[in-house]
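A, B, C and D label the chains in the order they appear, each numbered from 1.
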Amino acid sequence: MHDKRDQVTGNRGQEETLPPVTCNLSPHYTLKELMTIVAAREIKDGDIVFCGTGISMLAAMAAKNINAPNSVIFFETGAIDSLLEEVPLAVADSRVMYWTSVNGNLADAFATMQNRISGPHVVGIMGAAQIDKFGNLNSTVVGDYFRPRVRFSGSGGACDVASFVGRTITFMQHEKRKFVPKLDYITSPGWLDGPDARRKAGLPDGGPESVITNMATMGFDSITREMYLSGYFPGFTPQQIQDNMGFEIDTSRAVEVAPPTEFELKILREKCDPHRLILG
Amino acid sequence: MKIGQDKSVSLSAAVKKYVFSGCHLSIGGFTINRNPMAAVYEIIRQKIDDIHLYAHSNGQGVDELIGAGCVSRLEIAYAGSGRFAPTCIRFKKAVQSGAIAIEDYSNYQMTLRFMAGAMGVPFLPTRSSLGTDIIEKWGFSKQMRANDSRLPNEKLMIMDNPFGSWGNAPKLVLVPAINCDVTILHVQKADREGTVRMEGLTFSDIEQAKCAKHVIVTCEEIVTSDVLKANPDQNQIPSFCVDAVVHIPYGAYPTACYRYYDYDPAYLNAYRKNAENDMRYSTYLEEFIYDVTDHQALLNKIGTEQLNAIAADPRTGYAVGLDRR
Amino acid sequence: MKIGQDKSVSLSAAVKKYVFSGCHLSIGGFTINRNPMAAVYEIIRQKIDDIHLYAHSNGQGVDELIGAGCVSRLEIAYAGSGRFAPTCIRFKKAVQSGAIAIEDYSNYQMTLRFMAGAMGVPFLPTRSSLGTDIIEKWGFSKQMRANDSRLPNEKLMIMDNPFGSWGNAPKLVLVPAINCDVTILHVQKADREGTVRMEGLTFSDIEQAKCAKHVIVTCEEIVTSDVLKANPDQNQIPSFCVDAVVHIPYGAYPTACYRYYDYDPAYLNAYRKNAENDMRYSTYLEEFIYDVTDHQALLNKIGTEQLNAIAADPRTGYAVGLDRR
Amino acid sequence: MHDKRDQVTGNRGQEETLPPVTCNLSPHYTLKELMTIVAAREIKDGDIVFCGTGISMLAAMAAKNINAPNSVIFFETGAIDSLLEEVPLAVADSRVMYWTSVNGNLADAFATMQNRISGPHVVGIMGAAQIDKFGNLNSTVVGDYFRPRVRFSGSGGACDVASFVGRTITFMQHEKRKFVPKLDYITSPGWLDGPDARRKAGLPDGGPESVITNMATMGFDSITREMYLSGYFPGFTPQQIQDNMGFEIDTSRAVEVAPPTEFELKILREKCDPHRLILG
């Protein structure tokens, strides 16, 4: 799981752009700011935050500065607690190696997530090309595996993170072709095919906690493990959100997502990304 | 395995000696950092083909080897170059067209496979990928595996925990060791005998080196053994693991080498554009690889201005303020 | 697991909180180097007993814990203090008299067991010990294991290579993970949050830390995080693995701490003589452990002259010319 | 396998002393010098030499200075190519950490020996309390395992080395109670119980090459894998040697061991141990 921004935005190799959706957006904040802050709110004090580059990294930085001062950011490449004076463009960017607590390696990083003590404290922030209603992710192929219509980068560490850690948060572009009834390839395990499936497969406890898109937030029902709409962004309706998905979800529990507070915005803008390198 | 000798050679000699058509090759580095690019370009220049390539998350090196037609089979977790090509372009085209066979693993699985080779065991266990298509879908068929003694018979295996409830892990995925013919790394410092010092993250380079029959190390600086021995806690690979030491300044260019230089956004952006078009890619291969005699000639073509722009700032280890658009 | 907090506490508080009668404890260091001796003495002073102890090759720490009656079960590869006691004396007596139960493994097997715990897998494979009594003879019986959920059901298992001829290793010995309650290490430097820098050889301390529920780190120096972050390639254990940081200069004394001080031959020789005789050993326990209030009091008793004699030479990291007879 | 000198000399915790054997020793060299040089001769150029402290370390240093300049000494603790300005008293002595090529750890050191490429190039130098005719070693107990008459330190790395590496050389004190028909405990595998036993057990190729005592050198027959007398030290007879062993060995192939040359002695004394810290 590195820079999955192509899969989130469909805009490969470019700076992220706001999604092409019309809505009554408050002039006081951008959708990307809201997505970042919503993700940051899910990070708890004491979490170990696994992240890639881009918006997931920014969410981790925002959480550390707002609501989870005792959280630590780490990268699958082995860098722990990097001082990110400039935005890294990959998780192996030399920028993640500067002023860290420990510069380790891949074996260390993944063992931390598979470890019985530290693994449950890790929250992983992911991205993917496709997601299904159980939060399983595809970042490998669209089409047949052996004759793919579109080949993506492959798992990277995504499958490992999704297998091992306590909770995952997934950023997705809110499009019908991305929220699909059936994945073309299961790269990273979510709740697999339902309630007890992870246990039956032999996976550790843990799994997808939420999905954050450019319209809404989704949770997973604690019994059925199916995705439901937990929040809709100001300016969007539950119906609009459902219309942009390839499967039906329960929208009855949805509430409007609280917009960013002045304090959240101030920290995000002034402390986390003052040059708007990620926020654009 | 050679011990205590001066192993410094030219890059062309090292590649000629240890890399061959049909060889099983692994390359170090990660996406856009410390890829052994000088060696990659030399392999392309020597037109070595039918390579069976291994990496965990390698971007530029993998893509250029594939683009030049050197690779027939690939085992990998991730083929991307960060923001410059979140999915490598020539890789994508080659997989979509069926030009190369690919076997997908996760990053940790690839790391464990190199580690198993380094440790001298046939497999290592992990809990990663249970329930996924990484287990279900095999890029290399059972039959292909059965017919090739250089491949394990199984992509991976699932086993019940033989220790019952111990470790609270009812099932394990066993991933087979990689024991490749040659591994190529690019590092910051080495001595002539082959002792290696990497700076910053080491990725899985150490495991990759130790699982290979032969190891080529290209390095920014050759230093005396005494320089390395003065701080041995910072050295990672002993000389007896290394067969050839090649002094190639900017040997990871256009990828980064922490504390020496950054990746080159201009080159990588131009590469992406060229990679998207077959004609332009042919021209790229001619102009930037075949028509230059060696890595120094490539650097001369790039010019000092561009190289100065990516020079690492001594405080941070990267090029502060570099235009990375 | 605590993150980003000041974890510095007193040694007595740390031991009181994390070490308890019946606990599964692992201690770092090797023979006569970097044993967490201040913590060992504090455990003895607090009269914590029935400890299930794990080490690979630990000498002085293991012997003193056994000698003071703190240990009921031991899993180990080697109990020796180098030339000062090639077999630890109180260990020898305790095993010969049946006072403690012991399970024998090899050094690599113990290392792999800690590593398996650190990696979160129930076992790791090795080719070591096939054909030997390490496999045949179990110090902890099947029944004892079946009755204790904190022990794996099997000492180890032999398995046929599931990948057939791959790796050219027809059989593997699987050794079960250690997931202990607490690991205690003594290191050169740490910050208050628990990031650790060891200097010189790290033995298996990193794996031992990462396989434990709780970790106490005693250190020669507490430094600021910025000091450690200026050279992060030299740090090994991240703060989130550590629960307590205790500043104890000479915390490994009478064993060595590379670049700080050497082992104390006078103490170790006197210890050996005391250990050989039960009466003298009782007197030793009273005089050197129970009757001193803390480690500083022990150091005061030893005196500056002796401590100066073992001070590390800055060039070599040990006490050059120390009288080691 | 650390300092096994107690087991070699039976003189625990003291400087090694010459064995209590009467012989016509040349006044020009000591028995310990001869043992060291005989072991050094077995080390080949290009070997990776695994050793403990004491005489095994000195043999490795002698080889490097005499006949195997391109060999490298390493310790199970992870130190490679240490500059031994003073004699270490344990393999974890800080003296092994100074001016090395790499300061690693136990996991690295043993992986080097189990590794398919490097392992066969390793020659291990061992010691033990008991040895049998197939070169199996006991360094765990004398007597019953569960009620031992004498408990020793245990395997340490000895079992690992004996399992993994290409060749091993064992130093033994030449006494009947140490050369036994049956070990009380097999700590480290030699040729197990004969010709194909290592392969049947699943061990890598490799095994005991020679045993060096204070009287003689023993090899192992390439067919039967049984110990035979390969050389007797000047001043000893094959019969004397056989009389001090607990099992019969073939003495028909024995030749007198060549005494140290002037050059070997000069290097050993002047370059390897000028202060006679190990040589006494």
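One rule holds for everything that comes next: a contact is a pair of C-beta atoms (placed from the backbone, for glycine too) under 8 Å apart; a residue touches a chain by one contact, two chains touch by 3 or more.
This is a predicted model, so every value here is computed, not measured.
Common neighbours of subunit B and subunit C (chains touching each): A, D.
Here the spacing of subunit A and subunit D, counted between their Cα centres, is 58 Å.
A separation of 40 Å divides the Cα centre of subunit A from that of subunit C. Distance between chain centres (mean CA atoms), subunit C to subunit D: 28 Å.
For subunit A, the set of residues touching two or more other chains reads 97, 99, 103, 114, 116, 164, 204.
For subunit C, residues touching at least two other chains, in rising order: 120-121, 126-127, 167-169, 172, 179, 200, 233.
Taken as a graph of touching chains, this assembly fits none of the simple shapes: it is neither a line, a ring, a star nor a complete graph. Chains touching one another, given as pairs, are A-B, A-C, B-C, B-D, C-D. The touching residues of subunit B, when paired with subunit A in their complex, are 29-34, 56-57, 59, 76-88, 91-92, 95-96, 98, 104-109, 111-112, 115, 126-134, 136-137, 139, 158, 167-172, 200-207, 256, 258-259, 262-263, 269, 272, 312, 316-318, 320-321, 324-325.
If you check the complex, the residues on subunit C that touch subunit B are 116, 120-127, 152-154, 157, 159, 161-164, 166-169, 172, 174, 176-177, 179, 199-200, 233-234. Contacts from subunit B toward subunit D in the complex involve residues 1-5, 117-121, 179, 195, 210, 212-213, 225, 228-230, 232-233, 235-241.
Against subunit B, in their complex, subunit A makes its touches with residues 2-7, 12-13, 15, 53, 76-79, 85-86, 88-99, 103-107, 110, 114, 116, 136, 140, 145-160, 163-164, 185-189, 192, 197-198, 201-204.
Residues of subunit A touching subunit C in their complex: 46-48, 69-72, 74, 80-81, 83, 97, 99-103, 111-112, 114-119, 121, 164, 204.
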